[in-house]
Structures are given as C-alpha cells and as structure tokens.
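A, B, C and D are the chain letters, set down in written order, and residue numbers restart from 1 in every chain.
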Amino acid sequence: MKRTFSILLAMMLLLTVLAPSVVASEETIKIGLLATLTGYPLNGEHMAKGAQMAVDEINEAGGILGKKVELDIQDVGNTTDVGINSCNLLISNKVVSIVGPHYSSTCLAIENLINAAKIPMLVGGTSPKIAKIDNDYLFRIRASDTMQAVAAAKYLVEGLDAKNVAILYGSDDFGTGGMEIASEHFSSVGVDWVAHPFNNEDTDVTTQILKCITSGCDSVMIWATEAAYPIVARQLYELGLIVPTITNPSLAVDSCLAQLEQEWVEDWYCVTDFLTSNSEEKVQNFIKAYEAKYGTEESVDLHCAAYYSGVKLVADAIERAGSTDTDAIRNALMETKDFEGIIGTMNPNENGEFIHEIILAQCNDLKVSYIKTIGE
Amino acid sequence: MKNILRVESLTKRFGGLVAVNDLSFEMEARSIHSLIGPNGSGKTTTINMINGTFPPTGGRIYFGETDITGMQTHKISTLGIARTFQNIKLFSTMTVEENLKVGGHSRLAPHGVVSYLLNPVEARKEENKLQVASEEIIAMLRLEDIAKSVVASLPYGKLKIVELARALMSRPQLLLLDEPAAGLNPSERAEFIDVLLKVFESGIDLFLIEHNMDVVMNISDKITVINFGSKIAEGDSASIQNDPEVIKAYLGEKYIMI
Amino acid sequence: MSIVRVTKEVVFLYKIILQLLVSGIAMGFVYGLVGIEYTLIWNSTGLLNFSHERIIMLGAYIFAGSFVLQTGLSVLPAIVATIIAIIFFAVFVAYTIFIPLRNMSALCAIMSTVMLGNIINESVRLYYGPEAITVKGFLTGMIRIGTLVVARAYVVIIFVALIILALLLLFMMKTKTGKAMRCVAQNKNASSLMGIDVQKNMMITIAISFSICSIIGLLVIPLYSVKQSMASMISLKGFAAGVIGGFGSLPGAIVGGLFIGIIENIAGMIFPSTFKDVVAFVCLILMLLLRPSGILGKKRIS
Amino acid sequence: MFSRKHTRKIYAVLIIAALAFPLISNNTYYITMLCLAFIYMIVAFGLNFITGMTGQVNLGTAGIFCIGAYTSALLTTKTFISPWLALLVVILFGFVIGIALGYPSLRLKGVYLSLTTIAFGEIVRQLVNNMTDFTGGAHGVRAIPPYCLFGFELNTKLRLYYFLLAVTIMFGLIAYRIIYSKWGRVFTAIRDNIDAVDTCGISSSKVKIIAFTLAAVFAAIAGGLYAHYSGYINPSTFTLNLSVSFVVMVMVGGSGTVLGSVLGAVLVSILPEMLRFLGNYYQIVFYILVFICTILIPNGIVNVFLERQKTKALPEKN
C-alpha cells in the first residue's frame, strides 16, 4: 500500500516537471511585473495591486491600440536565481515591457537578460550602481538613491545644521548604497561622519547606537529597509540618542509607521517619493481610487504608487509608439515628456531615469507631513 | 616457539573502575589461544585494547616484535590483526560480497581517490583482485548461495560467518574473535567451530574470547582465565578445568569442595 | 585638567560597557529560552526541531494577528488563548510528525522539520498577509537605573525566562510526568519497557516546548514587531546557546545564551558591528570542537 | 523494478534528451532553468557522498558554493585572470574547505555536525556580505566574464547550455565511478557501521575527510560555474535555504545514486517554476510536496524504483 502510494507520488512529481507550459495568447498586450511575493522582505503584493489597478483602468478606458492589456505577474522571491527564471519566463511569455523588480540586486541580476531580449524594463531599484550600467532598455521609475541620499544629506547639513553625523544603515545593497552616497556628500562639504551598519536579521543594535553616541554625533541619518525601523527607532529613543534624524522613504510607508510608537520618531525627517498626506490632486485622487478598489484598510504606499505610474507610463509609451514593437516602445519611453506620474513628473534623462524630484517630509505624532519638494 | 602476541601488565581504568588490572600473557604463533572469564571480567576491554579501539591506561602490547600499544585501529588492522565483534558489526545495507570487498579494501586496493579516478586500468585491476579474493573466501566458507544477498536479510548464524569472512579478507596473521559462539544454537555452534578450525588450518592464528566452555575446551591450545580484570589461571584445557580458582570464579566458593 | 578628561572618559567607557552587558544579558535570556526549547525536544525525541523559528513566529502572529488585532481581546486573555492554540497545534504536529518520525534517520527528521517550518511560514504569509504587525503599547517603555537604560521588555524577558527555568526544573524533578520525561531522555526503549508511555511523553514535551516557543514569540514583539523573519536569527543563536551551555542541560542553555549575548555585544564594539553574528557562530564552532559537552554539560557526545 | 543495467539505459535516454532539448525548444526560460539545474546537479553529486552515502547531514553547502562563486568572480573581475585559471584556484579552495570542514565531522555526529555546518554557512554569508571593500558587499559582483572554450566565448545561452551539460556529464561520470567503486562501498560502510570500518584496516577519519573534500570540491566548482553562468552574484543567494535545497535534491531524488541527484536537482530547480500557475500558492504547494516526500519516501524517488530499495534503505536510528 505504502509502496504503491510512494510510486504514485514519485510518478506525479516526475510528470509535473514534464507538464507543458502555458502558451501565450496573441489577443492582448502583455506587460510583465516582477514582484517579491515570497521571501523577505515582502512588498510585492502592494506592487501588484498598484500595477493591477493601472491595468484595470486602462482596460476600462478601452485598452491600448484597441487591445486589452494583460498584467503578467511573476514572483522573484529574494534570490537572483528565481529572479532570472521569472525574467526569462516573462520574456518567453512575450511581454512588451517589464515593470519592476523593486530590489536593485535583482535588477542587476537580470539587466543583461532584458538587454539581450531588447525589452524595456522599468525598475524601482534605486541603487546608484544601476545608473552606471550601460543598458538602453533599463529605465528607473523612482528617484535614485543618489538623489534621495544627497537630498537627505544636504538637508541635514543645510537645513538642520549638522556638524557630526552618524549614519546607521542596513548592510544590504540598499543601505550600503545610501550610506556610500551620503558619506561622500558629507566628506565633500567637510562634515564629520561615522557610519555603522547592521544586518537585516539583527535583533539588537545597542552596540551600533553606543558607537554613534561615543562618536559624539549631533544628528543621525538612517538608511534601511522598513523591517529595521521598529528596532532602530526604539533603541535610539531608549538609549537617549534624540537628535535631528533623517531617514530614507521607508519611514513614510504606513505599514512601517504602524509599528512605531509616537515618541520614538517624533520630529524625524524623511525623504520620500510618495506621501499620502500630499495634498496634490493627482495623489489624493489616486488614493481615493485605490481605496475604492481594494477597501480602505489596505494602506496605500509608495510601492502601489510607483508601479501604478510605471504601468501607466508604459501604456502611454505604447500608445505613442503606435505599435507593440519593443524597440518602438523603448524609443517612445525615451521621448516621454512631462508624464504625470503619481510619484512625480516623469521625464527621462540619458540614463533612463524618470523621476527628478523628491519630497521632504517630517513625522509628527506618527503622521508624516509634507514640507517641500526638492528638485535635482 | 615464537610469540605472535605479547601483553605486558596491561591496565585499563574507566574513571574509578579498574576494568583490566596488570594483565600479562603470551600467545604462541600457530596456536589457538582463549581468554575466558565470567561476565564483566574485562575480556572485551582487553580485546578492544589489542585492537586499538581505545588505548590502555598502562602496560604494553606487542604484535610479534612490533609495539602496537595505543596505535590506531586501522593501522593495527593493516599490520595483520583482524577481529570480529560480540554483537556483529556488519554493513547492513550492503550485500555479503560488498561487505567482503570493504574488508579487503586496505590490503588489495590501496590507491587513493585521485589516482583511482585518473587510472581506470589500475582501478579495474584492483576491483578484479577484490573480486577474486572475495570469491575465494566465499568458496572457502561456503557462502556462495548468499553472496549477493543484502546482509540485513540474513539469519544471525550466517551473519557471524559473514563477519568472519570479512575479517579474513585482510588476510590477517592473527584473528581476534569476541564471543564467536554467543547466540548460536548447538548445531550452528558446531558448524562455526568447524569453520574456525578450517580458518586456523589456512594459517591464521586465533585469539578467542569466550564465555561458552565447550567451545573453548575443545579447540584451545592454551587458555588464560581472568576475573575482575586480573589473571587467575593459565594453562591447557585440562589444567584449567581443575583449577580451584577458576571454579570459584565461575561457580562460587562452595563448589570447590565437591 | 587632563586627568579630569581621562576620568571622564573612563566613566563614559564604563557606562557603555555596563549598557552593553545589560543588553547582552537580556538578549542572552532570549537565546537561552530558545535553547531550553531545543533541549526539551532533543531530550524527549532525539530530534532537533528545525521548524521552531517558525513556531516562535506563529505564536507571535496568533497572539498579535488573531487575538489582539482581529478579535480585540485584551493582552492577558490573548496570551492564554495563544498558548492554548499553540498547544493544540503541538498535539497535532506531535501525532502527525514527531511521533511517527521518532525512528527515522536524522536526515529525514531534519528535512521534514525544515519543510514543516517552510509550510508554516508560507501559511502565515497567505493568512496574515506580508506586512509586519505589532501590538502597540504591549510591554513597551523603559526603566532607568542611574544612567543605565533597560527596556521594560528586557526585564520581563529575564523574569519570564527565570520563572520558566524554575518551573521546568521543578516539573522535571518533582512530578511523575517530569521524571518520566527524564527517563525517556536517557533511554527510550528501557522507559517503554518500564511502562512509561513514550508517545504521551513526547506529546507532552512537544506541547511544553511549543508553548515556550509561543511565549518567546510574545516576549519579543515589543523588541521588533511581528514579521516572518522575526525569529530567524534568535533561533540560530538559540542553537548555539544550547550547545555552548551544554546540550541536554536546561540551566546550561541559559548560561550559553548569556555567554553568546555578552560575547557578541562586546565583539560588536571591537569589530565592525555587523560581524557580531560571525563571532557568535565562531564561538559555537570552537566550543563544539574544543569542548563538545559545553560549559555545563556532563555527558560526552557519542 | 530497475536494475543497474536499466539505469544505464535511463542515463543514455536522459543525455540524449538533454542534447536534443534545445533543438526542440529554443526558449531561453527553459534553457537557463536547465543550466541552473545542471549546476545544482554537480553540487548534488558531491553532497551525495556526504549526505547520501556516509549519512552526515551537511547544511553548509551554500557556504562552499558561495566561496567557489566569489573566488572565481573576484579573481576574474579584479585581477582579470582567465576563468579557467580561476577554476584551478576554486578547486584548491574547495580542497582546503573540504579538509577544514571534514575535521569537525570526525568529532561531531548527527545534529551537532548539522549545526556546525549551518554555522559555517552563516559565517561565510555574513563575511561576504559585510566585507564590503573586498567582496562588494550586498551589491554583489557584476560583469563576471564568461568562460572561453577554443576561442569561443560561452556568452550565449545555447553555448552555455552545452558547455554546462558537458561538464555535468563529466562530473556525473566521476560521481558514478566513485559510487560504484570501492570508495562508494566504503562511504556506505561508514554510514552503516563506522567502528567496523576501522577494524577493516581503513581509516574512517581519512575516508570521511575524503568524502567531505570531494563534496566541497564539487560544490566549489559548481559555484565557480554558477558565477560565470549568471554573470552577477550577490550574497542573498547563498542562504541556509539554498543549503536546504541541496539536501532536498539528494534526499528527494534518491540518496546514494547519481540518477537520484540528477532527478533531485531537476525537481528542485524546475518544480517550483512549473507550479507558478498556482500564483500565490506555488511555494507552499512545493514545500508540501517535498514534505510528503521526505516522510513517505525518505530514500528518494529513484530508490522507489530501484530493485534494492527495501534493503538499501537508510538504517533506522538506534
């Protein structure tokens, strides 16, 4: 009995591997989305929801070039292997362009694939390394780390009068990238700085904070993914390092704020590309539409907004190109002028970067409020 | 007569417990020597020290002229001492033939992995040698019908013989047998004794540890009796049978008078 | 003048070292609790539970996600409800995995518990969603002793760890079930021959260790909110704590946890801070090689 | 059901199928997936010696794989030496790591060894991630040059496919020769009864170290190949999860056989992809399948079909 079952199980597994693949249909225009749906950290769901909303809106308005748009969402996990596979899968599914992935390391792993396949990819990875890549098909739909970190560093020095900055950063690609740019800026304007990394899995950052305290810093810059904030913010407060603090956009994400206590992050500043309290009409309309579609308890964040804008931008480019030829789309993308994205006006530069402005915001009573928009 | 094994004031302590205490004996070449004693008298400890399973606390062991005290098991084995275990230690997922080939590994197939991979001709030669040697032993011990069976499926009596066969694969000069007759029924025991005598005739000296008197008395040239880790008697079977110390150790004080 | 400065610096340094010790000790107790949990299952089943970081996480999610945020229970009943829920889960897992698997090879046991962990992890993601959650105001706040700052959660962790350790030791020494558990730990076959119901025993141990897991999950919520990766590092360090303290010994696990907690914090001060995990694992390997029985362990590994 | 002679036919069919595959489907998605499966196969061949045969659970393979990948990647990108020369260094590293990891295995058994190897894997990953100046940290290493073979750059997926296929067949042959040789017997003997191995005149310590070294060299070489196959590596790939995947390959495929490693590597790298149609649920379904396999067919799929499966089973724990 058990043996029969074992054989059946074994046969089933073998057959699953040999299962035929799904054939792509020619009726629709396919746009691919690469999102982190499994593994850590998870923000793929928001990306997918934002992008899906854009696709639904486009289809309600009659599609592009008379055809319906279809979103092909694939999981990139958090390893390069899965990323490579899903990118290849999208290419073989004949998508006309790809939106995502969100993480720079995955972008770096697959950029040569889309270059070879000549499919434009609009990534949210913000690492400065991406800008240095010579790849005509790679576009960025979020403000680069270079811009974000420089804006944050500038504000610390000029707006908050910092003389001695401590940078606390996650040791992943994102944190390290931000730290490198900010520290370069501090050095260039003659401000003292120290930088202390922590691992994403760290459960205690006392040593790092004590090192900052020993260095006698008068302000703090935090550059890390959302997961680190509950620990870092709490321990900064507990250990009494309450000085002007500026962070990367993670602080402005509602799900991150929800995990923090008011006194931990009171008066902190952050740079961000999307703010729910931004009073601009397009932003408020987007939030209303999003909440109407997915229900109010679902928090809107920069992931939804960025990839919503990404899909809309691609649709616009296809419309302008008048065909689904990927090279035509790529050229149309490069010719984009003043496209109104939710996270800013989109104009490509020669590196394929679309966003050139960033919002400076401050956190009061766990509400992040708009201060000003900083251009490049 | 030349000695094949010489043990000089061998001592083993486990913490506070003295398992073997100042034990000395000599074993002549071309002889069957038995070490007997009641349960817990230190027999297996002695054989474990000879075989190198653990080093003695004191004393020396000589194999021929070579001092093997505290040597590693596999080195002692390559010098020419093989052994079997009281509670059979075979490679249970492999066939009898494969077990035998592992037994002959160090003698017949000494090449390392890299030279094995780089030199297929030599590798095949080695494998052939192993095949021939194992077939020889299988024939000698009449194991042909079970040669291809997996060890785990065999009855206990056969396993004893397979273990013996594996020990023979290294073509030892001296074979240490730890309770070879334990767990065998009388007919299996008789068969096993025949096999042992055959092995002895093929030129291998036997050192037995035994609990079972009739096996020992029938085949041993010389018997050493130990109790509580110390030697209490030594001699041929007749003298041992009548030794009061031995009777006392085995049967208790009151039986001496009878 | 310079003497004043030097004294000031010495005092400053002293304060910092004290602060490091405090947070090291607090984290050490977390590691120690994890180590205790490993030790319990190890003793009763001879298996290591590689799914247990996910059980810590599951406990935290059940507490925060289901009971506090969804049903709106207040904290104390929610804790009780969580532990009851986890015990039901433990009984289920015990009868479906640990008890049938007790005679399997170490390889199968390790892999099946790893896979169980992955399944729990994915289920949690699918059910509770990918976002981190937290219970606001739960055990937050801090206590100041002079210049020393201790998070209230740390104090609670230390107390709970000591209480759990004391209760477990009492349970093991005084109750019949506890004594039976010790017998099973020493020799499963002999115990079953002596009329001890080994299966029931395993089930009880697993239930206890899973409840400890869920308690760990609760205790660390104020430290770093409820998310799927919340226990990945403490579970590895918990292993290390168990081994360094002496595997199989309950107080040893706490000692090992303290050792790692303190060493890694001091190492983090000397080396770049991100290397502190490396230091903890190097300690583990060194301990395994030099003194595999650990600080408090008596039994030799064989 | 099948004997060893039958398996030879299966190998032949598999190799022909692999050779012909790109002619049937020139889909990059499948080709790269198979390329990755080939690389994983090499690791599984090696791990089979330790985990499948001598029965010791090594959960640090990702660490060795990582060292192999980074050695090759850093040497070729920073010093511009040929990838082939780098491969020699990789082999040397694998050798050293194997010996270094083998020594603990002499003193530690069962779960203790698993723990040590987990710790090793974590140490490697954290060091690679945090020694930013040397390894590029979390950004990883970019633009790793491809191998060159007879003047051909192995830069297209198809060339890479055939190159990796050839390498994999080579390592498969080596593994096959070792498994069905005196070494294979001794490895299995160590799992069955380590005390008896020493009394047979074989140093069990040496054999264990040989098994670890073989596994480490295989994993390191696979790591080197991986770096040049992917062109970009970063530390987030080399996690404990990857180590677990390697063990799953050996276990689910069938421990102690080459065919098992082949099957396991293909299953583990392709099954999740084939399950993508399940959307959000594909990972959990994959894990459940593996879980059921580990419980119901702990000796792996191949051993279900092999004649001796009942007796060649992993011994019960005593």
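As a convention for this text, contacts are C-beta pairs under 8 Å (C-beta built on N, C-alpha and C of every residue); 3 or more make two chains touch, one makes a residue touch a chain.
Since the structure is predicted, the reported quantities are computational estimates derived from the model, not experimental observations.
Participant: Work out per-chain C-alpha centres and flag the one nearest the whole-protein C-alpha centre.
Facilitator: Going by the distance between chain centres and the overall C-alpha centre, it is D.
Participant: I'd like to verify one number: the distance from the centre of subunit B to the centre of subunit D, where each centre is the average of its C-alpha atoms, in whole angstrom.
Facilitator: Roughly 41 Å, centre to centre.
Participant: Roughly how far is subunit C from subunit D, going centre to centre by Cα mean, in whole Å?
Facilitator: 32
Participant: Measure off the straight-line distance from the CA centroid of subunit A to the CA centroid of subunit C, and report it in whole Å.
Facilitator: For subunit A versus subunit C, the centre distance works out to 34 Å.
Participant: Between subunit B and subunit C, what is the separation of their C-alpha centroids in Å?
Facilitator: A distance of 49 Å separates the two centres.
Participant: Among the residues of subunit A, which ones contact at least 2 other chains?
Facilitator: Residues 38, 171, 197, 199 of subunit A each touch two or more of the other chains.
Participant: Find every residue in subunit C that makes contact with two or more other chains and list them.
Facilitator: If we look for residues of subunit C contacting two or more partner chains, we find 122, 272, 274, 277.
Participant: Subunit B: which residues touch two or more other chains?
Facilitator: none
Participant: I'd like to see which chains touch which, written out pair by pair.
Facilitator: Here the touching pairs of chains are A-C, A-D, B-D, C-D.
Participant: Where on subunit C does subunit D make contact in their complex?
Facilitator: 42, 46, 48, 97, 100-101, 103-108, 110-112, 114-116, 118-119, 122-123, 126, 236, 239-240, 243, 247, 272, 274-275, 277-278, 281-282, 284-285, 288-289, 292, 301-302
Participant: Given the complex with subunit D, which residues does subunit B contribute to the contact?
Facilitator: Touching subunit D from subunit B are residues 51-53, 72-75, 77-78, 82-83, 85, 89-94, 98, 101-103, 105-107, 109, 113, 116-117, 120, 123, 126-127, 130, 150, 152-153, 166-167, 169-170.
Participant: Using the touch rule from the top, collect the residues of subunit D that touch subunit B in their complex.
Facilitator: 174, 177-178, 181-183, 185-186, 188-189, 191-193, 195-204, 210, 214, 308, 311-313, 315
Participant: What residues of subunit A sit close enough to touch subunit D in their complex?
Facilitator: It comes out as residues 2-3, 5-7, 9-10, 13-14, 16-17, 19, 21-22, 37-38, 74-75, 78-82, 84-86, 88-89, 91-92, 104-105, 108-109, 112-113, 117, 127, 129, 133, 171-177, 197, 199.
Participant: Considering the complex alone, what residue numbers of subunit A touch subunit C?
Facilitator: Those residues of subunit A that touch subunit C are 38, 40-45, 171, 196-208, 210-211, 213-214, 226-227, 230-231, 234, 238-240, 255-256, 258-259, 261.
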